[in-house]
Each structure stands twice: as C-alpha cells, then as structure tokens.
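Presented below are the structures under discussion, each in the form of structure tokens.
First chain A sits with chain B, and in the next complex the same chain sits with chain C.
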Partner chain A sequence: MPSSRRLISSQTLTTTAASVTFSSIPAGYKDLILRWSLRSNTSSVEVSGQIKVNGSSSNYTDIYLRAQGTSPGSGQLAVGYHFLSYAVPGATATSNTFGSGETYIPSYSGNAKKVLSTFAVSEDNSASGPGLALTGDSWGDNSAITSISFTPAAGDLVSGTSFYLYGLLPS
Partner chain B sequence: MPDTSTEVVIASQTLSSTASSITFSSIPATYTDLRIVFTGLLTTAGTGDTLAMRFNSDAGANYSRTFIQGDGSAAISSRATAQEYGLIAGQIANFNPSFAGVDIFSYAGTTFKTFLSQSADVGTSGGSGQYGDVTSFVNLWRSTAAITSVQIAPRYGSSGTFAIGTTATLYGIL
Partner chain C sequence: MTRPTRVEVNCTTGETSIIELTDAEIAQMEADAAAHAVAQAEAEAAQAAVEAARASANEKLAALGLTTEEIAALTK
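After this line comes the complex of A and B, so read on.
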C-alpha cells in the first residue's frame, strides 16, 4: 500500500543564510508539512521566526500559546508574516542547541483562505533559554501556495540548519 | 524518491454539500495508530463551536479530557470527566478555515484509547475581540473495544453544520 508522505525538497545550510525558501511547490498534494532544525547567529538567547508564503507580507493573523518556563501566555497579532515565538535559539543559547518545529498547511493549493498550524520548540538547559509555542495563523488569501520562506527575526541562520518540506497525498 | 513513509491514507472526504458530521467507517485494525487531519468551516455565523469526536457511535459518558488553550489574550487549562464525546478543536466558525490534527494511539488495542489533538482557529483580522484560539486536547475514551469508526461533528447537541469544502482525511500509521 503506498504511503502518503513525500519529501518534496530539503535544504541543509553549509554556510550562514538570511533565510531559506522553497519555491515552485507543486500543487499535486493535499497538505504540506515543513519541518526544521535551526539556530541563528544573532547575539541573543532566542528570537522569533517568520514564515511567509508566496512572498506575501499581508493578510496574516496569528494566535499563539507559548511558555518559557513560567506561566504560559497567549496573544494575537496581525503582522506581515506567520509569527513563531521562541522558535530560533540565538548565539547566546547553549552551544549546539537547535530549535525544532513543524508547520502544517492543509489544503495549500485550494482556492480558499489558508490556515497554518505550527508547533515550535527549543530547549537549552538554561534558566532563561528559549521555550515552546503553538501558533495558528489564518492567511486571508485564496491563492494556491507555491513558495514558503523562513526568516529569523534577527541574524542569519547558521550552518547545519536544515529544513524539510513534505507533501501529503492524496491530492 | 524511495517510499519510506509510514503514513497511509485510509480514506478522505471533502464535502460537496453541507453535512452535520463526517464519519469514517470500517476502519481496518492493521495499523499502529490513526491520524486525522481536519480543515473546515461551519455554515452558521456567530462565535462558532467546538469540534467533537466519537468512536464506534458511542454516545455514553465514556470520554474525558484535559486541554490547554490560548485565545489571544490568556492561556487557560481545564478538564472534564464523564463526557459524551471528545473534543478536538477549541472553535470552528464560519469565517476562516479551522485546522485540527488528531492522533489516536493504539486504536485497535484492548486498553482505553487516548487521542491527542492540536488545533488552530483564527479570527478574521486580528486585534482584540476577534474569535479564535490555539488548543491542544488530550482525550480518553474509556472503552476496550477496537476503534472501527470515527465521527467528527460540531459539538453534539449544537445546531452547527459543516460547510461545503470541509475536508477530513484518515491516515493509518504503520
């Protein structure tokens, strides 16, 4: 019996990069899954991440639930990207720690508004390190998603950062 | 590309007309776990409703749950026992598609069944007063029967109806 998950593309950085982009995403799947392991060279313990689809800087609305070792919190915002709290460990986070996460995008090629659901985590064995966040986003655009980019809020992604983009069948 | 994935599509439904529920029946017992991905809307305006799940048509008080939720202003957690259905999403409404991913563990075994969901339901334009939440539910179905059918519906007892285009896909995990 055929399985449903297909690797569309992957990228592993061998040098720093400001962002990672997957372009020309085919429409032949039902859903998309983006998974990552990453770190930034910015001089802080963590920064947020930013996902844009189709290069768009508009129509994103986010609600997040996040925790950083104290009471969990929630907020909502409408900025020019899918906002990912605590997603990216920075240069002052414990060495060799990378943040991980997954964004699920159902019905990415349909002609309705899109929803993005992300669970991003990072832990670095410190009292003031990053954290974890569950974030939902409504992208109020009916266009099919053909590209996805990830950018840290500050600094560059370091060598060893990796991204995997999967498509789920059936289309 | 080699086929190394362990996820298999068992069935998928996309509504071509409105419906009060979506049901997957005759689920084979050949997988380790099940996963359901739901994306959809309600037809009715308003604040929306929770998204519920039942197994094997069991409407008895055999479900319990604990959840953590962020509604854009605060994080909350609560639990409920002896419920007549499980919950898998905090809110589904009629303006933006809602998402729920549900993992049903050891569904064909002889112990009680745990199912875990992650949902995203985001309002129209952000800012205060908009509907929406992100929620993770853990539910328990206190039955030793193998799960052979799954039904997804707006909260049972509500008048909610799924809109055209609402989609649910059932995966088996090898």
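After this line comes the complex of A and C, so read on.
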C-alpha cells in the first residue's frame, strides 16, 4: 500500500449545489482517497449519498452495512451509483452538524474493474441519529477513473460542505 | 425558477465552475432519487422481515420452555 499522499484538489461550497464533481483527475497516482464533510438542506434527519465515477450510471454492485439510530441493516444493491446509506445529515439533524466520510479507490487508473470502499457517518445528536454507512462496491468497468461526483439522494449540499481529493503516491 | 447547479472542479487546471444542470442531468438525478427510494424501501422491508422472523422464532422457542438465556445461547 502506498505510504504518502498528496492533495490533488479540494472544494468548500460557499453556496448550495446539487452535486460536486472532481474532473480531469490526473493518472499519476496509485490510489485515490476522497474525504468530505457535508450536509443537505432536505427536510430529513438523514439521507443517503451517491457517488458516481466517470459520470457512469451503470455497473455498480454495492454490498453495504448501515444503521440509523438503533436500526442496523445490510444487503446488496445493484443501482446506478455507489450507495451510501444515511451518510448525509439533512435539515432536521442537529444544527450545524456535518456528516464525514472517506472513499478509497485503489488502482483507479488501471485497466481492470474498479473497487470503491466507503466509511461514512452522518452526525446528529438525537435518538434517531447518527447514521452509519459502510459500503464496498465493484464497478464493473475497465476504464480509468477520471472524474468522481457526489450527490445527496435529496436536496442540495449546503454552504460549508467540503471535499478533499488525495492521490496516494507509488511506494 | 432557478435551475439547480452543480460544482465542478477541474483537477488538472484547478478551475472551479458552477454549472446549471441540463434537462438530461435533472432527469437522471430524479431517476436516481426514485431508484434510491425503491432500493431503500426494499432494504428496510427485507430487514424488517428478518427481524420479524427472529422474533417469531424466539417466541416459539420460549413456548417450548427455553429460558431467555438459553435462547440467546442458541441464536448468538
């Protein structure tokens, strides 16, 4: 595993946005890490998040563990994105709390199928929160990953939401 | 009505753009949200079915005379 990383790019929103995309990701790294702190303005305690690579809406197979409050669950999904259950706090979560998480993508520029793994928690200081998402995904496409986008399942990402994209250097 | 926007960061140039969603992007987002709602409901229903089956099994074991500790020893 690579031992050092370099910040490729970052983005902190100063207004609402439906999604954030990092495009034209250079190919010179071994792996990618996307880290975030975010919140949605939808009228829920928590909503799920969706990550797409290369703008693709197909070939994702997710295995997930999730929990919201005291309700854990697990399963497998084949939907058009990397599925992050309950990963995004909404407008009725505790004020000024943000969800945090990290997605790891090894060998993103290779010519084999890709794997995405995510650990995310949406902060909420009530009995119904927080939400937890652990998701592993096989993206059945051999293309090099050149873009990554994050979209909440409902609402817009609010001002103060931030993303950091790191490249891991070959050891 | 204001169209929703997305933020795109070009990692090669460093340029950040705020882009209004196209009709196709809005349609895709709505389709993703609909698919997500179905998937979430299915996942929650499946989990509820498992929990109901577990509760039913525990009740039947208790009816056979097993104690709470004995049921826990069998099921964990």
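Assume the second predicted complex is superposed on the first by the 165 of 171 C-alpha atoms of A that agree within 3 Å, B and C clash if a C-alpha of one lies under 4 Å from a C-alpha of the other, contacts with A are read in each partner's own complex, and residues count from 1 in each chain.
Heads up, the rule we're going with is that contacts are C-beta pairs under 8 Å (C-beta built on N, C-alpha and C of every residue); 3 or more make two chains touch, one makes a residue touch a chain.
Please read these numbers as outputs of a predicted model, since none were measured by experiment.
*Asks:* Touch check for A:57: first (chain B), second (chain C), both, or neither?
*Replies:* Only chain C is touched by A:57; chain B is not.
*Asks:* Identify the partner contact of A:31: answer first if only chain B is touched, second if only chain C is, both if each is, neither if none is.
*Replies:* So A:31 only meets chain B here.
*Asks:* Once chain A of both complexes is superposed, is A:75 in touch with chain B (first), chain C (second), both, or neither?
*Replies:* A:75: touches chain B and chain C.
*Asks:* What is the contact status of A:135 with respect to chain B (first) and chain C (second): first, second, both, or neither?
*Replies:* In the superposed model, A:135 contacts chain B only, not chain C.
*Asks:* Which holds for A:91: it touches chain B only (first), chain C only (second), both, or neither?
*Replies:* Neither chain B nor chain C is touched by A:91.
*Asks:* Should A:104 be classified as contacting the first partner (chain B), the second (chain C), both, or neither?
*Replies:* It touches chain B, and chain C stays clear.
*Asks:* Can A:121 be said to touch chain B (first), chain C (second), both, or neither?
*Replies:* Touch status of A:121: no partner.
*Asks:* With both complexes overlaid on chain A, does A:144 touch chain B (first), chain C (second), both or neither?
*Replies:* The answer is neither, since A:144 touches no partner chain.
*Asks:* Overlap the chain B and chain C contact sets on chain A and report the shared residues.
*Replies:* Shared contact residues on chain A: 66, 71-75, 77.
*Asks:* So in the complex, the part of chain A that touches chain C is made up of which residues?
*Replies:* Residue positions touching the partner: 8-11, 13, 15, 17-26, 48, 50, 57, 66, 71-75, 77, 79-81, 83, 85, 149, 151, 153-154, 156, 165.
*Asks:* If we count contacts the way the header does, which residues on chain A are in touch with chain B in the complex?
*Replies:* 1-7, 30-31, 61-67, 71-78, 104, 106-107, 110, 112-117, 119, 134-138, 140, 168-170
*Asks:* In their complex, what parts of chain B are in touch with chain A?
*Replies:* Within the complex, chain B touches chain A at residues 1, 3-9, 12, 37, 39, 68-75, 96-99, 101, 118-127, 130, 132-136, 165, 167, 169, 171, 174.
*Asks:* Which chain C residues qualify as touching chain A in the complex?
*Replies:* For chain C paired with chain A, touching residues are 4-14, 16, 18, 21, 28-29, 31-33, 35-37, 39-40, 43-44, 46-47.
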